[in-house]
Amino acid sequence: MQKIEELMYKRASEMLESGEVDRVIAWKKGETCYDVSPATFTKDNLEGFVYDAFCGANLSKYLVEESKKGGKILVFLKPCDTYSFNQLLSEHRIKRENVYVIGIECQGKIDANKLQKKGIDGILSVEEKGDKLTVKTLYGDKEIAFEEALSVKCETCKSKEFAVSDETIVLNEMRDNREKRFEAVERLEKMTEEERYAFWQAELSKCIRCNACRNVCPACTCTHCVFDNDKSGIAGKANADSFEEKLFHIIRSYHVAGRCTDCGECSRVCPQNIPLHLINRKYIKDMNEFYGEYQAGAAVTALNPIVDFTKEDVEAATVVGGKK
Amino acid sequence: MSDIFTVENIKRISGTDVRKCMKCGKCSGRCPAFDDMDIKPHQFVTMLGQGRVEELLSSKAIFNCLSCMACVERCPRGVAPANVIEAVRDTVERMQGGDAIKAEDIPAIVDELIPQQLLMSAFRKYKK
Amino acid sequence: MQEITTTHKPLIVAFCCNWCSYAGADLAGSSRLSYPAEVKIIRVPCSCRVNPIFVLKAFQRGADGVILCGCHPGDCHYSTGNYHTRRRMALMFSMLNYFGIEKERTRIEWVSAAEGAKFSQVMNDFAKTINELGENRRLEDLRCKK
Amino acid sequence: MQRIGVFICHCGSNIAATVDVERVTEALAKEPGVVYAVNYQYMCSENGQQLIKNAIAEHRLTGIVVCSCSPRMHEATFRKTAEAAGLNAYMVEIANIREQCSWIHKDIEEATEKAIVLARTAVAKILLDKPLTAGETGVTKRALVIGGGIAGIQAALDIADAGYEVDIVEKRPTIGGRMAQLDKTFPTLDCSACILTPKMVDCAQSDKINIFSYSEVEEVKGFVGNFDVKIRKKARHVDETKCTGCGVCMASCPSKKGLNEFNMNLNNRPAIYIPFAQAIPNVAIIDPEQCLKLKSDKCGLCQRKCGVGAIDYKQEDSFVERKYGAIVVATGFRPIKLDNFNEFGYADNKDVVTSLELERLMNAAGPTKGTLLRPSDGKHPKVITFIQCVGSRDVSGCGKPYCSKICCMYTAKHAMLIREKYPDTEVHVFYIDIRTPGKNYDEFYRRAVEQYGVDYIKGMVGKVYNENGKLMVQGSDLLDNKQIVIPSDLVVLATAIEPDPSVRDIATKLTISIDTNDFLTEAHAKLRPVESPTAGVFLAGVCQGPKDVPETVSQASACASKVIGLLAKDKLKGNPCVSHVDENMCTGCSQCEQVCPYGAITYIDKEFRIGGGKTETRRVASVNPAVCQGCGACTVTCPSGAMDLYGFSSAQILKEVEAICKR
Amino acid sequence: MIKIKVSLLDDLYKKIAETYPLYLPVEVAGEVNYGKYNSDSKVRLDVLKTVKSPKDAFFPQSENLVKFKVDGQKIEVIDVREEAKPFVVMGVRACDYKAFDVLDRVFLVDPLDTYYQTKREAGIVITAACGRPDETCFCTVFGIDPTDPKGDVTTWLVDGYLYWRANTAKGEELTKAVSSLAEETDGKAVDKQKEEVKKILKKLPNADIKPEVFDENMLDLFHDKKWQKLSEACLGCGTCTFVCPTCQCFDIKEFITNDGVNRFRCWDSCMYKDFTKTAGGQPRPTQMQRFRQRFMHKLVYYPKNNGGLYSCVGCGRCVKKCPQHLNIVKVIKAFGGDDNE
């Protein structure tokens, strides 16, 4: 990763220097090891430029606002982020001509939260050694396998290909875990209705309606969200009833269905660690099964299955039942 | 009579939907063995549709059909008369429970150039 | 134990497209083909006007079953509306079921303007199913129930 | 604040016998927003309507709810009533308490309660109703006809006859289409050219009709009453305005190898040519594939010979942009390709011809000057065998699943004509079924059999093969249960017809749909057979489905009357219950555009104030209310809820749900 | 001081729950939040930080204020407040306890928030000392001692025992109720833990940040260019405000029920773009302004109105939970850093 970071830094400073781009969107070091933040860099200020295993954030959504500001922007996108970028292009949310995309190698990102769940608290620093992580903590050094600290979204990484890029920085073969993509959804599908109900009831009861999932989502770029719109009939700032927990997540996922690229940001940012990606992924799985394989963002011109149809589509009754 | 001789069974074996036939006769028009057949290809389809299994089972035509599949190839409706004939033939064979020539009567290799499969089907077809 | 004194009276919201199913319901009416009074119809121009939000809202408000009726595929007055409905609702109903909502509570039926008998039969059947399922508990909003 | 009046109809005893109308009236009078509630024997009667009008005036009502029969029955009636009383016609809601209540419930208690709920629901909806005015758009008084065959010609003539301008766009160098290639027409056997060419001439001479020959529709924008069409005039290398059609150039042209398309490629023509003698426009055209000048810059003879200087080798495609109020699609058909039917030996034997080729072989202007000679050796055929249903009714994937409809009749025509002209000829016809519904059609076919002695054989041909110069037609005679072989001199295949392939492109440009066989889909199979689902676009001729000349002409005239009806209007009144977009919420994601069946949604870049004296330009959707039909597909597709539908707004439907669920 | 065997904790909860509704950290679907105790609850007193703070106990995320019952054209106003019954909140950390103080100065001054007041008065708070602070903690910066929180009762979890010390009359009363499960102790084990924890506290990476840099000129701070950079990754979500124990903004909303209207209040977030939106628009149209507002309020406006008391208690939840890792520590450090920047 170190090497990749150096190459990225080099390209960023070159392009800024030569005036090819005016701004760079990448990640910036935080106060500790894991608190990196997305940031824009300019010619005079590349301080804190970082690319490491904690740089999980998907930068594509920032381009919606950033590409409006004029000037050319260099953005670094991991393979999964390129799909979001493409999807945004197809929705006319980004001015392509204002953006230069460098696809960068990603070997999976790690999540500090995962470390804490595994009992590693008081984290001071994390060092990568092969497939192991050495964690310095307030309570002594700990070691954990890289795999075990893998961010939820990377556990089922869907692609190592870049859907779009102007150039790439890749040194090592990347890997994906696409075969595992629908395992969790399938597990839920196999449960009884009662079990699934209990599962979601418990998960969603944690929802605090902070809207982090929505605000981070590259598919949620509405100027004015229905949930903020008092006229929509479903506006709400809090889940005043357990119904609203479900309403929010069902409708949100429906609104991004066919546009969700499965980037996993919703689950990454959820402060309550609700597996929100499992909702979106259910739509993806259903669409794949009912209407043929479709990957949002794989192509700019592809027709999203939810606005498409064929005369031979399956009936709801066939796929859901619905009749006793 | 066992249910293997039923219309349904023959239809099932043939895998063709006789109701699709529009009675154009193209199958018989194309058939190279037409003259030798007591029941003509198009009649097989019609008669099976009518349930006239007895007549079909006792027909000689089933052993005249060359299985050249011209009728299947040419049928504009996607009906397969040859498959119907084959199905009737199969049924007859199963009914008799044996072939015309006993297995031990057949030399191991008749001719190196003739595929074994062809021989076997010929034995079945031309036994009388 | 005492007999249950307050039996739950089910409620079914039916969204009917103006051109086929609403007319089908009218035909059921003029043919005097009865179906339970708990079925209440909302007229929409096309089944594709039905937003999944409406379906959820009905459940929130206390509906025990929601049914969408539209023209048969291929017969849509707007040529393609019901094809969209079919996709949207297949996905939506599948999702509701994924959340553990009984799959029998939601249904789509294609009812033409000529199918008064079918309309009545569908509604009778659906009402029976909902009656057997009982009160909607999994998608209820307690604020809307007393 | 709305002031709503509720009017409960007894419908005699139809409602009142099962619904306690008094209780409904009482209950509704208490509803928020309701200022007046009354019941009456028959609301739709003269007196009932007067009662409503009086109440509107007396109670200063802003909207009315009529609890009565189905809105499909009397919504229009009560809208007019409201309008007559000075209310907006759309401030009317109907609660269907007859078909959906009193007629299906027996229990008075139950029916009354339901009637109250239905009425409350209507009140909930009307409280959010807004007065709607149907938008009006002007109508460009000009029609476009795409395709210059008999369908297009007839439609154009009829429209022009009514006094409107018509443009015909024909992709070939002349109008006339398939009918111009026919020899005689059934069932009267009159000469096709004799009845068609006068119509072609009428087109050319009409000051209302403008023919764009050798032209294609490039782009269509706009909507009913206001289409903007860009027409590509392909380069014909001859100045239409100068050419007199004298034909000197044709005679001088050294390149004679071009295949004569008009004669179904049965003979050749020069590189510069006029398709046929009666071509309209009677103007030459240069085939760039054959012209030596254009290919290798050698020659230039025709230019030198041309007395009026019409030849222009440098001519390029040009474009014309015109506005139209209505469009007629009449793109016609072609016989299918026979590549999949090698059993009939079409590719291998010159003497196996299609019926359309036979038309040319029999036509006086054809390659044989009207004498029936077989293509291989120019001899008179003595035995002619016709094979019907070649490629029609074929679901095997080789041909077309439909019946081409015209083949039975034209085969009978051919058989009859041959037997009449050459009585020594033996004519056999293999048929599967004979389909001759139509005035004097079956009589016509029977004449072929009875009067002309044509041999009709029930059965299909299995193969055609050449044996010693004879075409052996082997088929089955099903009635005789025999397989027969007829040694023939000429074999004629009644080839299936299919829509002209250009229709796909046209359909896309006009946002009209085509079915699995590429036929254009009509707005309603039974009740709107000449309209496409897109308002202002009409269908004539075989592009909509197989049909013969009389049917085509009927449909073309029907189309014309529809077009005239449309063009006669100064303003088009739209349906006000259409989609509209809240631009402040729209993100311009383009999802709605993809579900709109009418192409009513486009996107515009618009400047918005964003506070602090600043503005930003955003891409937002824009609905054309004249094109929108109000299905609402876009409203659901829009994730931000920026799209809504007048008359059936999301807020209204949600209120209806709420009202229904109140217990 | 008394102590209760950890193995008896379930009995303790049950005992308390017999008399009072009991709220304490419980685990649901893998996350620990305050919840009402029942026999199935998976209590997690050991967990340092609940995701949400215990402020819900007094200032719930959503709370009905009044109900309007509608019958035809008649409207009846119904007071939905119930008579306050005492309840217990257990396991409150020092920082979160201090946060109640911050909230009190908002809700318990004129105009008095009676909804909050009722609950605050009825609530009995059992605090829990921290035995294992983590890297996100910085309560000491605000003068909080996490090893000895206040409250009606203070508890320590040490070596298999829950040490219990009543601080108030309410606390004493509660102690009596649970005394059957307890044994007397001298509390030496507690002192030992305190010392160990204090050593750790000194090592905390954020222990030396200086919020005093915000005592500078308010306008200078307000107009500082750093805000733009600090806020550029902000998503405008409400995570920081909703996990924060001191954020106290709310919105008043209405919900139409089947028989009327519920007027309720719910937490709002100054990070939201529709926060305090009026007919005239949004007073802080950019995310930078909204971001600045939150920190200026916590570190400048609130202290100026409340005798220097910061409305941050250093719980570190925002440090932990911000999706893009923007937080108050970074803000304080940025302003305490190089002045030339």
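Letters are used for the chains, namely A, B, C, D and E, taken in the order the chains are written, and counting of residues starts over at 1 for each.
By our rule, a contact is a pair of C-beta atoms (placed from the backbone, for glycine too) under 8 Å apart; a residue touches a chain by one contact, two chains touch by 3 or more.
If you're wondering where the values come from, they're calculated on a predicted model, not measured in any experiment.
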Each chain counted as touching chain A and chain B at once:
D
Number of hops, chain B to chain E, where each hop joins two touching chains
2
What is the chain whose Cα centre is as far as it gets from that of chain C?
B
If you average the Cα atoms per chain, which one ends up farthest from chain A?
B
Which integer distance in Å separates the CA centroid of chain B from that of chain D?
48
Where the CA atoms of chain C average out and where those of chain E average out, how many Å apart are those spots?
45
For chain A paired with chain C, centre-to-centre distance based on mean C-alpha positions, whole Å
36
Where chain E touches two or more other chains at once, by residue number:
255, 258-259
Touching two or more other chains - residue numbers and ranges from chain C:
52-53, 57, 61-62, 80, 84, 88, 143-144
Indicate the residues of chain A shared as contacts by at least two other chains.
226, 232-233, 240, 306-308
Can you name every pair of chains that touch?
A-C, A-D, A-E, B-D, C-D, C-E, D-E
Where on chain C is chain E touching in the complex?
61-62, 143-146
In the complex, the residues of chain C that touch chain A are 52-53, 56-57, 59-60, 73-74, 80, 83-84, 86-104, 106-108, 125, 129, 132, 138-143
Provide the residue numbers of chain A that touch chain D in the complex, in ascending order.
68, 90-93, 221-226, 229, 231-233, 255-256, 303-304, 306-308
How about chain B: which of its residues touch chain D in the complex?
20, 22-31, 34-35, 40, 42-43, 70, 74-78
Which residues of chain C touch chain D once you look at their complex with the stated criterion?
9, 11, 13, 18, 22-23, 25-26, 28-30, 32-35, 37, 40-46, 48-54, 57-58, 61-63, 76-81, 84, 88, 120, 144
